[in-house]
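Listed after this line are the structures, all set down as structure tokens.
Consider the two complexes below, in which subunit A is the common component and subunit B and subunit C are the respective partners.
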Partner chain A sequence: MEATVLDSWVLAEFGTPDALVDATRQMREKGFQGMDTYSPYPLHGGSEALGLPPSRVPFIALGGALTGMCTALAMQTWMNTYDYPLNIGGRPLLSLPAWVPITFELSVLFAAFGIFFGLLALSRLPQPYHPVFESDAFRSASTHGYWLSVPQATGQDATAVMDQLKSLGATQVTLVTGEKE
Partner chain B sequence: MSPPVTSVRVADIERYTGTPKLMVPAFGLGVLGLLATLAGYFATDAKGAAAHSYLLAFSYWAGISVAFLLMLCIFHTAKAKWPIVLRRTMETAASAVPIFILLLLPLLLMVKDLYSWWPGSPLAAHIQGIEAEHLSHKQHGYLNPTFFYVRQAIYFGVWVFVSWRMRSWSLKQDETGELDLTVKQRRFAPGSLPFLALTITFASFDWLMSLTPMWQSTIYGVYYFSGSFLAAFCVLTIVTTNATGANLYGSVVKLDHFHNLGKLMLAFVAFWAYTAFSQFLLVWIANIPEEAPWYGLRIFGAWRPMSIALFFLHFVLPFFILLSRNLKLQPRKLSVVAVYILAIHAVDLYWLIWPALTGTDGPSFHWTLVTAFLGVGGIAVGFALLQARNRFTLPVKDPYIAESLRYVQP
Partner chain C sequence: MAETAITAPLDPLEPRHLVAPHHDDASLNETLLAHVWAKPGKGWFMLFGVTLSALGLLVIGVTYTLARGIGVWGNNQPVGWAFDIINFVWWVGIGHAGTLISAILLLFQQKWRTSINRFAEAMTLFAVMCAGLFPLLHTGRPWFAFWLFPYPSTLGAWPQFRSPLVWDVFAISTYLTVSALFWYVGLIPDLAALRDSSKTKVQRVVYGLFSLGWRGSGRHWHNYKIAYLLLAGISTPLVVSVHTIVSFDFAVSLIPGWHTTVFPPYFVAGAVFSGFAMVITLIVPARKYLGLRDVITDRHLENMNKVILATGMLVSYGYMMEHFVAWYSQNQYELWTFYVNRATGPYAGVYWLMIACNVITPNIFWFKKCRTSIPIMWVASIMVNIGMWCERFIIIVTSLSQDFLPSSWAIYTPTWVDWCIYIGTLGLFGTLFLLFLKFVPAVAVSEVKELQLELKHAAHLNGHGTHGAH
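For the complex of A and B:
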């Protein structure tokens, strides 16, 4: 196997969310990049400690909402005013107030789609395989463990990084290597 | 998410003694405003304009005070811990309710120039034929002076009682720190909510909806509540932003609290639009002769531009501004938006009230609009500050105050 098709990470488990956030911040201040945190539930201060940029999901949601709004207005105008004009109670054929409920619903629906699929796409999910799955201990990330991953050049000695993580309070550290995505 | 703004500790906070600096000018402005408005009513021909201006000011400020009471009880009902640092402001604003009993008296003086159903009202001349019969037979049981007085007594009885209980327990806890007092507040608040909801609903029917006695809308109370509740969040934001200084709670509030206030403002901008549109859509789509004229007056003719403007300025503009996360994390800028919403809320009440005065002539301005607004506002704010004199500006011995100050965004 050649090193170029392989990716490596140092994984470190911490006992508490606070220890994880603290260690993440300190590792970032030491200059490590491309790290990620894993916890069974949303982590307070996790994204700040990782130094992540603001999420792009709100803009996708806004885009979805505006798309839904335009779709609904165009659809109802086309159907009720041009394609099949129907006189309902003597109201004008282009009755904007009557269209607001549908417009609202479609805006919400498209915004929800945008959030759901946008989040999946931005997180590159679903991900059937990832090298960190090679580590059995890492399974605790979905029940009770708080993990930090630090990218590591494949083939290089990871002892220094592992020692640093241990000194920051990691209860166990491990090196995983697997095929690039 | 963010560190506390300063390193002030709750234990170091003492009773606040700086209120007279604001209270005296507020009372001064209030008295001048009221005198000018009364002069406008008794000494000029514009009796209707002065009466409607006073009603606008009264329902604006009383609505905010009662909305604060509802807000306080809702947070207690939800056992919410994050707003505890803000709670004394809610209690103080809600305890301004008794002054509105006094402020109701000028309204009762002007009542004949407001409500056409009031016996001897000069406005009754417009109501003739079948409408007059309907009014005298079907509605007389509700819209008559005796029952009107009785209802006002019930509303203010409920509001004064609830605000007094909530606040006195909270103030007692400042002294004793008894945990039992928290239990009492949390038990009393949910029980009082149905009464508060019913009283503010019927108060809006009495004060505002009966300006057009032939027109009824069951959601009207919610409409009035939604605007007032939104305005109360705006007042809370402005007060919290400016409460920085010795012994003021603004110095221990976190950015997370402002973020939440901003989010609640956004939510209630949307809630106002939802309520306003619900009411409009049902009337518009049914198009029944009894209901349609109220909206017909407002959406056609001289009032049309204002109705359209209200949709954009009360909903679309603040909604999109408040969507920004960055804005909600900047208390000063959020306060500017809050001031804007408070202004547009006054326009909203004007839109409810003024067409009853001018009809198809459209919007007009009268100087008593300003004097009444400042008069009622000055007295109400001054009275609230009087309640805050020599008190702690936050519930210092609440068992959850530490949790509230440690609050982080979920």
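For the complex of A and C:
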């Protein structure tokens, strides 16, 4: 049997979104890496506080749109101009203006698939289990709580980190350990 | 963490609240999710009974149609399109308000959309489902509906991509898919909120599955925000394209009354008009029943009535243009259609009902008293929906029943099967909507929480003499 790899996090709850963003920035300035914030809605300045690079979703969307466009143009041209040419009132077999609606629709469709599946892939969802769920209090993260997680080497003393978080205004601090994601 | 209520004065240009000021995140969470956890009341079950019975009519109508063929409908020669296409266009049009509210208003940063977008998007989804049923049945043998799509058939034949009817297949299926994705993406954080405030294990597991393990991570929100905005961005031209393509079904033909260039913009305006009316029809009772008055305030309703007024004027302009161009062209068939057949012909009653509902009714919203009166707006919204149905009836049936050759004219009358299927789709729509109200938050909870925070920041700044924040 494969040995279970364990991961630990220090979880800290803050009273307001601003306090959470502030604390995140200060912790990052102190050199903590791999932190994450948890909130019921996107935090203003949250991405900057975590120091995240620009999202890749727009590129995936563009890729989807271009794929859709090329697919639609190639499909219509091959099917109606080469493989199954139909003379409709003497109109040209390659009627590009008539290809426009479907080309647009498929670009939108593929872009939407790109955005949706791109979002899931970048967020590594669906992921029904995550060690942060080990804390019962953490359930407030999706309703009214503002949480910060700081990775912690399993088995090492976390008191220092916990004290720092408390001094930054955390209302409660816990340590969770669970299977590595 | 109770936060203090807004004490600063409100913006004098926006004198009413978007979110009632006494809420914080926890109380919003409780209020907005309450109807999901509460056992449905008598009213819900009664309505559900009504919509289920109507759905039964759909089952009867569809079964009979499948068993006997579409000859049981009132369609004839020359009226080959009738209830099937009228209802298709009507339902698609209703759906458009949902996308407009969620996408276009999001891009224009209209904050008032936040409380009603979930509701309107659900409406879109269900309306498009009802719409799709009609062309599917109209194919006569819906089990061969896959013939509509390009697939490598043994006959070696491909769809004819120069036909607007094929464009329609792509437009509607794309619209349904993108609306569903948009709706679901918006729903994920709220499903997580449901999971985390659930009381039983079953609820927790079910909502846990559908929320995909969402944990509100900052790294996820980072991608989520842009993904949601992009979906809104692509939905905006999509919604315009869909009804444009629907109007091409008519405008590309040569039938008098259909062959006009004003059709695409006029159809889109009509779609938004009827869609907003449907939102009012549904939201007025729903906000009362679900106790959502704190987030769906009178200001939302008034704003929607303003949109109804504006699009109603656009639709009236469309009617004027149709009549003007018919006169200006001096084409005898066009003149006959617009000035004789529609206004005085066998369907003149429907025509004048359409004028009364679509041209005259929205004008009451010039008056603030009417825009803010619940009973008046509710009745007006129903009249608009009736009017828009009449419009599609007039466009389709009058033009087909009397086109070029008087020897091939015929009167169209719907049969009981037509009515069964039409009322049945109302039942399908109502049933889906009631289930939606029961199992999913009817208001985008996470967005309202965010809005509330923004409003508090803004009010705080206003109180210090600075205007506007974010």
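Simple rule for what comes next: the second predicted complex is superposed on the first by the 176 of 181 C-alpha atoms of A that agree within 3 Å, B and C clash if a C-alpha of one lies under 4 Å from a C-alpha of the other, contacts with A are read in each partner's own complex, and residues count from 1 in each chain.
One rule holds for everything that comes next: a residue touches a chain if its C-beta (ideal position, glycine included) is under 8 Å from a C-beta of that chain, and two chains touch if they have at least 3 such contacts.
This is a predicted model, so every value here is computed, not measured.
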| item | value |
| --- | --- |
| Contacts of A:Thr71 with subunit B and subunit C, given as first, second, both or neither | neither |
| Subunit B versus subunit C as contact partner of A:His130, first or second or both or neither | second |
| Per-residue touch tally on subunit A - higher for subunit B or for subunit C | C |
| Contacts of A:Gln26 with subunit B and subunit C, given as first, second, both or neither | neither |
| Partner chain in contact with A:Thr177 - subunit B first, subunit C second, else both or neither | neither |
| Touched partner set for A:His44, first subunit B, second subunit C, both or neither | both |
| Set intersection of subunit A contacts, subunit C complex versus subunit B complex | 42, 44, 58, 91, 98, 101 |
| Contact footprint of subunit B on subunit A as seen in their complex | 42, 44-45, 48, 54, 58, 62, 89-91, 97-98, 100-101 |
| Subunit A-touching residues of subunit C, taken from the complex the two chains share | 1, 3, 24-26, 29, 150, 156-162, 164, 166-167, 170-171, 174, 177-178, 181-182, 184-185, 189, 192-193, 195-197, 208-209, 212-227, 230-231, 234, 237-238, 241, 245, 248, 445-447, 449-450, 453, 470 |
| Residues of subunit B that touch subunit A when the two form their complex | 1, 277, 280-281, 284-285, 287, 323, 325, 408, 410 |
| List of subunit A residues in touch with subunit C within their complex | 15-17, 24, 36-44, 46-47, 49-50, 52, 55-58, 61, 65, 75-76, 79-80, 83-84, 86, 88, 91, 95, 98-99, 101-102, 104-106, 108-109, 111-113, 115-116, 118-120, 122-123, 125-130, 132-133, 139-144 |
